[in-house]
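Next, two complexes with subunit A in common: one pairs it with subunit B, the other with subunit C.
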Partner chain A sequence: MKRSGVSSKRSFAQEVVVADSWIIETAALRKTYDGVEALRGLDLQVPSGSIYGFLGRNGAGKTTTLKILLGIAHATAGDARVFGLDASAPRSSEEIRRRIGFVSEEKDLYRFMTVEDMVRFTARFFPRWRSDLEQRYLRKFELPRDRRIRALSRGMRTKLALLLALCRGAELLMLDEPTSGLDPAIAEEVLQALIGHVANEEMTIFFSSHQIAEVDQIADRTAIVDLGRVVLDGALDDLREDFRRIRMVFEGDAPSGDLRAPGIARVQRKGRVLTVLSRGDTNPILDEARALDALSIDVSPVTLKEIFLETVGGEE
Partner chain B sequence: MLWYKSWLETRWRFLIGLALLFCSAAASVAMYPEVVKLLPLVPQDVGGEIGRKIREAAELSRSYRGYIWTNWFRQNLLQMATLFAILLGTAGVLSQSGGALFTLSLPVSRHRILGTRAATGLAELFALAFLPTLLIPLLSPAVGESYSVAQALVHSVCLFIAASMFFMLALLLSTIFSDPWSPLLIALAVAFGLAFLDFVFRLETFSVYRAMSGETWFRNGRLPWEALLTSAALASAFYAGAVRNLARRDF
Partner chain C sequence: MLFKPNPSSGVPIYLQLMEQVKHAIETGALREGDQLPGIRPLAEELVMNPNTVAKAYRELEHEGVIELRHGSGAFIARNRRAGKLADTFRAGQSLIAGTIAKLRARGVSDEEIRRLFEAELRTGGRRG
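On to the complex of A and B.
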């Protein structure tokens, strides 16, 4: 995928070129903690160059997946590869971490170090450390160099964690709930910093989130994970194109029988109105609606939130 | 840079230990003239093991070398070195000071993380075993006595090797438990348990505490090889266990 001089996620999507490789690939990945299955055969492919939102409810298996990819946790079964390297082998895991910038959900850094110490410490592990970016982000985020990490607010800690990830010269950024616990203004600042960064750097971002708006705002591709499995994935624009809401109004109460047309994801009845969430070709559903003598038929696009709620079985 | 991080994580425990041991060593030397004056007042009629220990300590204190051994090497240094070996060993491999996930996301192996942490702790333990003890030959002329540097070094070597067993035990436990208190309490319980066994059964050859104090060296000029080798072997086994444990652990 190639991208240049973009300033928003919309233009990222437009500039998508077919990915030539998977930067992250998992197959039948399983993880069990004390008898509890956190991952139940997770299959995931993240194309190189994408901004990939890993969307799911709390406890869906997002953090576990990230930890396995980084070698921080061990898979019970299945295969996990990053840059084509086996994430479970200690030596290749080290190589993977050399090429990744990671921000954990807790943004847990060394509380006893100052901002300056933390930056110097991290820089020593990464030969491709970007001093130019370090100076830029220290200024941009207004991080006080001599303040101890324990004295930083959560927002400041998030910004520092992001700086430490962005300056590594990484090919892949892995972010676990990057804006969790932040107020909307700082969350927006963090997201804008990410968007600004990838506009100028050739890299892939893989971030987990349970906030649909966040994925909608910056991702060009997404996977929705639920109960340890990927239940839906693809380019966001394709998903939006694929799903439609069809609203039918009848003269009397909406018919109570099941609709037989293929592609019906969900049906909701309310008095004279029958609302169908469809996936794929809408024509068979429209034909059936006409056959049922619907007074009016209205087809409209759906939001990512509706798609998410449908796929994870939530209530609208 | 992992060295630097390990140092920052453990420095307060180390520096507090060093300061306390320096004070204790200086006090041991400074109090000798007073101890000599009080020797005639030691009761001779206290029975049992405790009475025997008191009489033995009083008898040993009649010579300066005996006083330093019983007061410093067998008591103050031994107890505090055991405590600080455990405190240094439990100073969070990947848990207490925060940043465990950050450390694990760096391009270094867990073996290297643990190795650096162990080496830093052992270096600090080495300093705790040697530096305060070297203060004794230095200060002894102030009370009109002298103490051999060579004697001090031999006792420090014994103390360091035997105490490293407690350090490695604490390190192993800190790779098993993620909270800071369990490793500390278990290691302290083991230390008390060994002291109790030593007191009740009067362990000789394989007593870790007798090895730490260099008792056989003090009494008959023989190094406690059996206990030192056993301590070193146990320390190595604990370290190997810690490496294996950390490699398998999920965070």
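On to the complex of A and C.
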């Protein structure tokens, strides 16, 4: 089924995320490697039709989660489902892999093959292979068909790996750090291709990233993962709308007692200035600030980067 | 391009897009009956999430600023709401121009005026 842009009102309804159908779902997922806890109870719900950014620092547990969802690694405990199928059972895991397009960070390609060989070789495994898209992306990405993969630049390899994933006719595309190591122009080209693809095909994209800017740019939902757990998730625009920084300046030193208003995520005092990171309605906090005789009060939006830095912990 | 939301500003992107459509109407760049780009082409052009564009259009329709016509796309509404945007803008413009002139006459710098406006807007214009 294709999306029809603004051609009818019905097309708008289709874009409303249906909250009770998770395309990816994990519950209390744990993974221990040689005594090191990579995942410590990771809960994740990805609605279908979204572009979902799985955001975290290096080593936060992103790749481990992707491997478990793909059946490449097995969870120590907890539940992982894709399309409602158990990712840990061999049979359903095979079906999951058949319905997913995956691009690993290493872009697994056969170095001795030419671009054309690699495309033909991959197409054979997928009965729903989209030859129309293959032709379109070969042209769009300007991939030289006769060149061997070992002679391709990193950007070309990324674009080829993306082409192979996009042409499978997959319902779900999983990408591990899709733009890592790419120059800004190629990175933008990759993001553009992803947006162009979801705009035309019914598809969900789940991508891991440590780059806040690209999550900001193309995702509509995100989960921030830290130390093997999801510490914050939701629609990006809701998060942007929800968090505020409130700066109050006082005549003397900022009052030292706790503020009583609800919705205070973090407080910082420095001399005459009290800075509050708030979540939700700011009015009770503003009222309290006025009651404390703040000389000036300033409310400003908080960027995803700031939210990220406030929610992830330091080094362990 | 008429629209260019900034994803890293901290302001919800659908709101930025709504503001930019309204601003284009206020300045006369878009007029009643003009067609807006489709969700898909606009998302592709701005390299932003199609769901976000769809949300902005839905909200604009809800506010009566645009009309979604079955099978033919999104248009600036031919109603009083869209027409009033331009009027409100002109009225507000002269009011604010007056205030700015007075502040400048008292030696307040443009930078200070900008900060005053922003602080007043952000705290909801409510005072003790």
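Just so it is clear, the second predicted complex is superposed on the first by the 288 of 316 C-alpha atoms of A that agree within 3 Å, B and C clash if a C-alpha of one lies under 4 Å from a C-alpha of the other, contacts with A are read in each partner's own complex, and residues count from 1 in each chain.
Quick note on the criterion: a contact is a pair of C-beta atoms (placed from the backbone, for glycine too) under 8 Å apart; a residue touches a chain by one contact, two chains touch by 3 or more.
Every value quoted in this text rests on a predicted model; they were computed, and no experiment measured them.
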item: Greater subunit A contact set [subunit C / subunit B]; value: C
item: First (subunit B), second (subunit C), both or neither touched by A:104; value: first
item: Touching partner for A:33 - first (subunit B), second (subunit C), both, neither; value: first
item: Partner chain in contact with A:303 - subunit B first, subunit C second, else both or neither; value: second
item: First, second, both or neither for A:72, with subunit B first and subunit C second; value: first
item: Contacts on subunit A seen with subunit B and repeated with subunit C across the two complexes; value: none
item: Residue ranges of subunit B touching subunit A (in the complex, touch as defined); value: 1, 4-5, 8-9, 97-102, 104-110, 247-248, 250-251
item: Subunit A to subunit C touching residues, read off their complex; value: 3, 5-9, 11-12, 15, 17, 49-51, 188, 191-192, 195-196, 198-200, 212-213, 216-220, 236-238, 240-241, 243, 283, 286, 290, 296-306
item: Residue numbers on subunit A that touch subunit B, as the complex places them; value: 33, 67, 70-74, 90, 94-95, 97-98, 100, 102, 104, 106, 108-113, 117, 120-122, 124-126, 149, 161, 164
item: Residues of subunit C defined as touching subunit A within the complex; value: 7-15, 36, 38-41, 43-44, 47-52, 54-55, 57-58, 68, 70-74, 119, 122-124, 126, 128
